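See the structures that follow.
Presented sequentially are two complexes of chain A, the first with chain B as partner and the second with chain C.
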Partner chain A sequence: MMQKHLEKKESILKRGWWLILLILASLLAPFIFTEFYLNILCEALVMSLFALSFNLLFGYMGQLSFGQAAFFGLGGYAVAMLMTKVALNFWLSLLAGPILAALIGLIVGYFCVRLRGIYFSILTLAFGQLIFVIVFKWHNFTGGDDGIQGVFPPDFLKSATVYYYLILLVFLASAFILWRIIHSPFGQTMKAMRENSERTEFLGINIARYQLITFVIAAAFSGLAGAIWVPFYRSVAPGYLTWIKSGEPVMAAILGGSSTFFGPILGMFVMTFFHAYVLGFTHFWPVIMGTLILIIIFLLPGGVLGFIQEKLKERREREKQET
Partner chain B sequence: MSGIARAAMLFLVASGLSLTFGVLRVLNFAHGSLYMLGAFITYSIWKFLLIPVVGFYVATFLATLIMAICGIVIEFLLLRRLYSRGWPEQLLGTYAIILIITDLVKWLWKGDFYSIPRPKPFTGAVLLFGFPFPSYNFFVILLGLALVVFLWWLVYRTRIGDIIRAAAHDREMVAALGIPIPWLFTWIFVLGSSIAGLSGGVAGPFGSIGLGMDIDIIIECFAVVVIGGMGSLPGTLLGSFIVGQVYSFGIMFKPQWALGFIFMVMAVILIIRPWGIFGRPER
Partner chain C sequence: MMFLQTQGITKEFGKLRAVNQVSLDIRKGDIHAIIGPNGAGKSTYFNLITGYHQATFGKVIFKGEEITHLPAFRRCKHGITRSFQITSIFPKLTVYESVLMGLLVHRGVTLNFFSTSKKFFEEEVYRILEDVGLADQADTLGDSISHGDKKRLELGITLGTEPELLLLDEPTCGMSPEETESTMIFIRKLVEEKGLTILFTEHDMSVVFGIAKRISVLHQGTLIADGKPDEVRANDEVQKIYLGGTA
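Presenting the complex of A and B:
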């Protein structure tokens, strides 16, 4: 028993070395990158958090939400409006983002979790678009098409480097919490629901309630991602709530591999840096993204990490057979 | 009454969506984009021809044909490879088509807004219960009714219709009877995308043509098929009627919330009958 425990601990150290390396590298990033790339790195981290929250629903619960950007946008709008209109404290506003997103997520989720598969996607898309239309048309409250400009963080956070560390901190903390959720009994229940909802129900588990809780958690983290992003970008616009934005985490999860925890992060990093690169010579980004999606679907059905995992598994099995 | 015209417009678009879903079991996210493409193509042909009176009808007809060809291309190159995949990939695949078409339209038509004047003989207005009512709306309603009759005839009164209904029910069995399912699917998708092209053309004089018209219509179409039941012809008809009416009344009371009212109806339906009024439960 003890032996087994020790072995496990060792394997975490052994397998986790690249993670520690990555975190160290990310701590040093501001000294290596120019400001331009640091900005993109910030965006990649925020969007990765967004993708992780989405993948909680997609990869672990097996439900594809196509309206996740609404929560991202709501989090952003909460911060922007509280800071510019009420002049509320930055940290409290930051906290309000995920809370608002979770509250709306509770309402939207109440309807959505009754549905499975494609119907779930349609309803989340529809609700997301509804929230977008409300924000877009409610001109005298949300600023409508113009959005809200001049959302400044407190003075000591104004430099990109300092804010980068804040984003990094929020990202690591959130990723850790999400990791713990997924690897808790709650997370196992989630996976059970994905694999066979009928049998899970027979175990006496209230599927709708579990899915609703997951939906709210995902909404809250999407809201947090939006909330942390807006003061960095200094403004918010209704474009953040559209389905194009909702498509990004879907794409990242598929690109990186939705069956792995780190897949969506990898996908989002690839996408964000690629996006920045492509914008250098053309603004027809969507057509490139569309083509990329098709290539991934046809060539790498499990995403990049899923593909690597599969290959590693094959190799391990071959080695086993040889010995 | 304008609600009924709106309902007819919705039916034109939603019927194509519902038909493809009913048989192919693939929800075509890009249906709205095909509709938008149809509208832009109609505009360009109309502008190019500039034939008085019949120009618009010729343009719409040609756009429908072009969209049918687009349908063949998309089905052959993409959809055909996606049938055996899971629905998330199908969804993402059609989503990719949206992105590509949107950029294509942005590139070819510069993202501007266009409008087509109402064609003769539907330029004027008709007085109905003392209110002026654009006569073009009657054209849309008539076309909607014609499509209802045509689809009803096709699905319930022809041999092809028998095959379509059988394939929607159990495609393996139909394939076992020696009917080439891949070809059937191609033709169904072509029918769906040409309906999208036709409705896009008709939508030109109804509103304005511009980017974003695809997502506007597809969201309402989703509401229609969710309310009425996916893949069901009578369901689509009823759903269009409900959404069209709710929208028009919503516009009268609180324009900003019109879409919200539709969603309230949708939410109520989803709680009572998650598979829609005329739909059948999955599995």
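Presenting the complex of A and C:
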């Protein structure tokens, strides 16, 4: 037994080296990247957090939310409005983002978790668009289609480099928490519901309740992503809440591999950097992105990381058989 | 106090009465078989006890408490767990994780968000895996094991919830004769060693008469016989409509 545990520990170090390397590299990023690409890196990290929260529902609970941007946007609006309208402290405003998103997530989720499959997706889409329309039309409260400008972080956070470290910190802490949740007994229950909700229910799990909790957690982290982004971008607009924005984590998860924890992060990085790069010489970005998605779906149906994971597993099994 | 009792339980689907006023007592520690031809209402009767369907009228009483209108997941908390006729497992969870799931639910730790789930109940999981003979496939995915093993895995999953009453819907369906034999021995062991009560349906009469201590016969939703295997075997009506006079 002891031997087994030791072996496990060793293999984590062996297999986790790339993660340690990536975190070290990300600490050095401001010294390597130009300011333009540092900004893109910030966006990629924020959107990755958004994609991770989305994948909690999609990859782990097995339900496709198509209105996740509503929570991202709500987080952003909470920060923007609290900071500009009531001049609330930056940190408290930041905290209010996920809290508001979670509260609205509780209400929206209450209705959505009663449905499965396409009906769940359509209802999340409908709620998402409903929230968007409220923000868009309620001009004298939210600023309507003008959005809100002039959302400035405190002075010491105004430089992109310093704010980058704040984003990195929030991202790493959130990713760590989400990782722990996925590997906890609650996470195991999420996966069981995805695999066979009937079997799970007949073991004694109240499916609606557990799906609602997952929905609220996902909403909170989407809200946090929106909340941390807006002061960096200095403004918020209703576009953040639309279904187009909701589609981004869907594509990132498919691109990177929704069955893996890091897949959506990889997908979002590829999308964000590719987007920034392609826009430098053409406006036909959607055509290129569409082609990329098609290639992935036809050639690597599990996404990039899903494919790699599969290959690694095959290799490990071959090695095991040979020894 | 009766262990499990159904009182005049009835289920109607539109005009069809799938289960018609079935009153039955199941005693603690029994291996109780429900038999009957196809469409007799065996599965529906199971579904009424486990909460898959809600009764149109009648009562289900478990250990003196009425559970007729409780949702399925609450009945599990009371100690009633079931297997399904069409094997119901977790295809992309490993055999180990699947059995662990039942234990996590039963021991009430599923709202733990921060500990590593695999650190829980390792001994208990392996004990169950050894009991059902799947210990050497602990790390295999549920959908990559053989059909007979899947049946045994489902049994293992249900045992994780440490039930008092276990309902098995055709537990040996599709198994080889050897697998059937070992499953029968295992079921008997569960009752003798762990004090479980088993209610099961089965097509294979050698299994039914091999392990059941009591047998109830359903025909077109109605209970037509109930008693010890010998009594049921000798019952004229059962002979006529079900056993075809050959048993």
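The rule is simple: the second predicted complex is superposed on the first by the 319 of 323 C-alpha atoms of A that agree within 3 Å, B and C clash if a C-alpha of one lies under 4 Å from a C-alpha of the other, contacts with A are read in each partner's own complex, and residues count from 1 in each chain.
By definition in this document, a residue touches a chain if its C-beta (ideal position, glycine included) is under 8 Å from a C-beta of that chain, and two chains touch if they have at least 3 such contacts.
Remember, it's a predicted structure, so these values are computed and weren't measured experimentally.
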| item | value |
| --- | --- |
| Which superposed partner A:Asn206 touches (first chain B, second chain C, both, neither) | second |
| Chain B or chain C, by number of chain A residues touched | B |
| Contacts of A:Leu166 with chain B and chain C, given as first, second, both or neither | neither |
| Touching partner for A:Glu198 - first (chain B), second (chain C), both, neither | second |
| Which of chain B and chain C A:Gln188 touches, first, second, both or neither | second |
| First (chain B), second (chain C), both or neither touched by A:Leu115 | first |
| Chain B versus chain C as contact partner of A:Ile308, first or second or both or neither | neither |
| Touching partner for A:Leu300 - first (chain B), second (chain C), both, neither | neither |
| Set intersection of chain A contacts, chain C complex versus chain B complex | none |
| For the chain C and chain A complex, residues of the former touching the latter | 50, 52, 71-74, 76-77, 81-82, 84, 88-93, 97, 100-102, 104-106, 109-118, 120, 142, 154, 157-158, 160-161 |
| Contacting residues of chain A [partner chain B, same complex] | 58, 64, 66, 111, 114-119, 121-123, 125-127, 129-130, 133-134, 137-138, 242-244, 247, 250-251, 254, 284, 286-287, 289-291, 293-294, 297-298, 301 |
| Parts of chain B lying in touch with chain A, wherever the complex brings them together | 27, 78, 81-82, 85, 87-89, 91-93, 95-100, 102-104, 106-107, 215, 219, 222-223, 226, 256, 259-260, 263, 266-267, 270-271, 274-275, 282 |
| Interface residues, chain A side, partner chain C - complex | 180-181, 183-189, 191-192, 195-196, 198-207, 210 |
